[in-house]
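Once you've had a glance at the structure underneath, I'll fire off some questions.
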Amino acid sequence: MESVAYSYGEELLSELNISISQGSFYFLTGPSGSGKTTFLKMCYGSLIPTSGNLSVFGKDSSGWSRDEIAYLRRKIGVVHQDCQFLDHLNVADNIALPIKVSARNSLSDSVNLKELLNWVSLSHRSKALPPELSGGERQRAALARAIIMSPDVILADEPTGNIDWEMSQRLIRLLIELNHMGKTVVIATHDLNLIRFTKASVQARVLRISNKTVQLAGSDL
Amino acid sequence: MASIKNILLPDRHLNQVVPTNGFTTLLTFFTSAAMAFLIVFSLAMSFAADRLAQSWSDSLANSATLRVSAPLADLESQTAAALNVLSNTKGIASFRLLKAEEQQALLQPWFGPKVPISNLPMPRLISIEEDENGYDRVGLRLRLAAEVPSAVLDDHTRWREPLVKAAYRIWFLGWLSIGLVFFIVISMMSLVTRAALSSNKKVIEVLRLVGATDQYIAAAFVRKFAFRAFFGSMLGAFGASMTLLLLPSEADQTVILAGLRLEGFEWSWLIFVPLSFFVFTFLTARIASLSILRSLT
Amino acid sequence: MASIKNILLPDRHLNQVVPTNGFTTLLTFFTSAAMAFLIVFSLAMSFAADRLAQSWSDSLANSATLRVSAPLADLESQTAAALNVLSNTKGIASFRLLKAEEQQALLQPWFGPKVPISNLPMPRLISIEEDENGYDRVGLRLRLAAEVPSAVLDDHTRWREPLVKAAYRIWFLGWLSIGLVFFIVISMMSLVTRAALSSNKKVIEVLRLVGATDQYIAAAFVRKFAFRAFFGSMLGAFGASMTLLLLPSEADQTVILAGLRLEGFEWSWLIFVPLSFFVFTFLTARIASLSILRSLT
Amino acid sequence: MESVAYSYGEELLSELNISISQGSFYFLTGPSGSGKTTFLKMCYGSLIPTSGNLSVFGKDSSGWSRDEIAYLRRKIGVVHQDCQFLDHLNVADNIALPIKVSARNSLSDSVNLKELLNWVSLSHRSKALPPELSGGERQRAALARAIIMSPDVILADEPTGNIDWEMSQRLIRLLIELNHMGKTVVIATHDLNLIRFTKASVQARVLRISNKTVQLAGSDL
């Protein structure tokens, strides 16, 4: 990522020069409205930088076709801040959606699904519709959906905002485990406790957005 | 194209990813049924008008009457001369002198059955049947004027024209309304699809988030609409056929709208109604949804 | 009812709280326009058929022809006797002996213009005009049989019936299709409203969260639909009127579909088209949206 | 509130016996999925208890008509966990929505609106559409909408989930101020820091949902 800038009319982020290497673990912090979500959206091709070169998996963003973005997203698991689901499908179907959309014949993964539901403690709610979930349950379901395809990169935007501390620890442990398996993890969060907790068990770096740029924060957190 | 396969093969999951709004479903179904109904009726009207125009122009266009009205003394010789002229004219399939009874039948409305027409100094009528090529009207008139001055050629054009014109107008109106209805169907399907997609922005966003291509999303919507239109139009066409069968059919085909019922091979046109609905809806919905998807980034 | 005031008075805000889906707007507008177009055409067809049936049955039903065909010697006296009988018959508005030229005109198709009809032993024709009450056909026939045995009463029923029947069938089909179109309009508006509400569940939820009553939410939706239907149907009715004005009008009213153009006060019916669209859509959309709102808790 | 129970099929909450008095300040905590949102929804009439008597402002819930619920909601400000807005109206219009829906002629309140936007630091975003807001901005806008009618009761469901600590403090101070004006405040949250912070300046009680019932937690937090 080289001198990437993004502006919604006004410039929001400018001159970002960052390279996130495969298998690393990053936190993204910054005050509300500083551009964390915008940063993540650029990483998964939802927004295209207004200037600069962004390349993901070695492909430059300026040349992405619509289909390429779709294929890109199959390699990136995203936990969206709003936790959007298809309200007419139950939780299990929603979590399995990425499989169905991309491959469609992967019964082998259905074992995955059950384990996954257990991991995020949603087995008992697997037949519920998304609007019937509590806020925390939705966030856990979103995380489950993000990792079901075992993507190379996991981007999570505020995955623990509505979750109590115990459950947060559990989820972060899941992400740490995935990171150990070689996956890149980027988490946007406000929760300093979470960052501290994570740093205890994995070499996580913290990116701080302030004054329109991203800086690597010191280890003083 | 893989996406056409997606649409035609049953795939429960593809159907599922798009939420079903029962009312949009009904709307599509109902619109298709109503429009197919109208199309079948227009078809029937066109066919009936066509038959009517055909029969009118057939029976009138190829026949003419030659009237020889001379004083009683000359009548026979003049008639013979006229027959002679006719037999030397190219393009005439047959001609014959009307018998006294036939002439009487024609005049009956005016004179009543009892008048002994054969005793009257009536003109003689010769009915002429044209062949496919037709004869040279002007030439025949000239020759008759020269050889049988008392003969008048009446080729019924006067009677035929307004009737045949009316029949062709109905025929034209029928096809015009079929065209109009298809235009309405296409516009409506385009609007219904666009409305459905733009009220499902969130669904599209989620599908994209998990890596669905535009083709995949469009196929999911298009399938639904195409099948609804297909089954709706089947229902409509079936309903219209039933109605046509129930219409009182009248022996007298010349009365306009009496013979609205389809005949023979005309029924086979009905197959094309649902098929064309399917194809039109499929294409319209596909174009509409891909254009909406492109506009939603 | 306060909500009717809400709907009729412009209130920018009420319009704003419900999102506008451009395609649903167009769909409603377009449907209304197409349907109004159809209604105006059906109206025109009904009116034209009515005029046609009227003129046919007027000109034929109330008139009859009495044909006196006696040997030349008796003709005058028999004709006088027939006239005498007619003048003593109740229910006859007027009658008159056709002049020789008139008779000749009637027969011209058969005999040509040159035949000196007055010299022929032709029957005399008396045209009869009925008054409103009509005369006793059977009685008149009996009296004529007794007093003027050579007279034949021809009351044209034979000619009239199928034509008038056809005209009334068109008239009936016209009104039937108006009814059908309104049924379609009502069903469509109901479906469009329901589809709009059920694809705006989130909006409804937000409005309820901030304390909006069902009446308020319904009014916001209903207003939109009613106005779109109103303006759409105005456009459709206007388009149809223009088309009617552009249709070639023919002097010969008896040709079916020649006189499709509306006449005189018939134009005033056009006002009711948008009005009835407004009222029907208003009521339909209101009932539909309140029922949807009740089902969403 | 007397022996109120709520069940979605299975019983979720049972035998709640609680009375929330006018002018008090409550926190509602409990693990994810324990029923906090459900509890709040009953308070504003979105859900009707499946058994027991719930009365709000002295009116029993069993007799509420649809219109009464609408009027009730005008006296209760709600911050929904999902922060739902009308996506086609800008932030300012969305915040002013309760005024327009209920009274419609209240230009006097437009002064309020500006102040309010300042309080939640959204003045610069007032013309933006809700989908253009960041997660934290949305939560602040939801809070602003909840209090614009100066309701008697404010129910906030996880109002600080996506907000950084500084902003959270600021919002809670706003709520404390409103509480001092005599309004009842009930906040569902996981954030123990927030509860501690609040307790320092106002006499706040903490309700804990566990084992399907609500208990007043000790002051040991």
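First chain written, first letter: the chains are A, B, C and D, and each begins at residue 1.
Just so it is clear, contacts are C-beta pairs under 8 Å (C-beta built on N, C-alpha and C of every residue); 3 or more make two chains touch, one makes a residue touch a chain.
Just so we're clear, the structure is a prediction, and the values are computed from it rather than from any experiment.
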Other chains in touch with both chain B and chain C: none
Chain separated most widely from chain C, comparing mean CA positions: A
Rounded Å distance between chain B and chain D, as computed from the means of their C-alpha atoms: 68
Distance from the mean Cα position of chain D to that of chain A, given in whole angstrom: 29
Whole-Å gap separating chain A and chain B, where each centre is the average of the chain's CA atoms: 63
Sites on chain B at which at least two other chains make contact: none
Pairwise touch network: line, ring, star, complete, or other: ring
Full enumeration of touching chain pairs: A-B, A-D, B-C, C-D
Residues of chain C defined as touching chain B within the complex: 21-24, 26-27, 30-31, 34, 67, 69, 106-107, 109-112, 114-115, 120-123, 125, 150, 152, 154, 162-163, 165-166, 169-170, 173, 184, 187-188, 191-192, 194-196, 198-200, 252, 255-258
Of chain C, residues touching chain D in the complex: 13, 16-17, 19-20, 202-203, 205-216, 294
Residues of chain D that touch chain A when the two form their complex: 8, 31-33, 36-37, 81-82, 125, 132, 134-137, 140, 157-158, 161-167, 190, 192
Interfacial residue positions of chain A with respect to chain B in the complex: 46, 66-67, 70-74, 78, 80, 84-89, 93, 97-98, 100-102, 104, 145
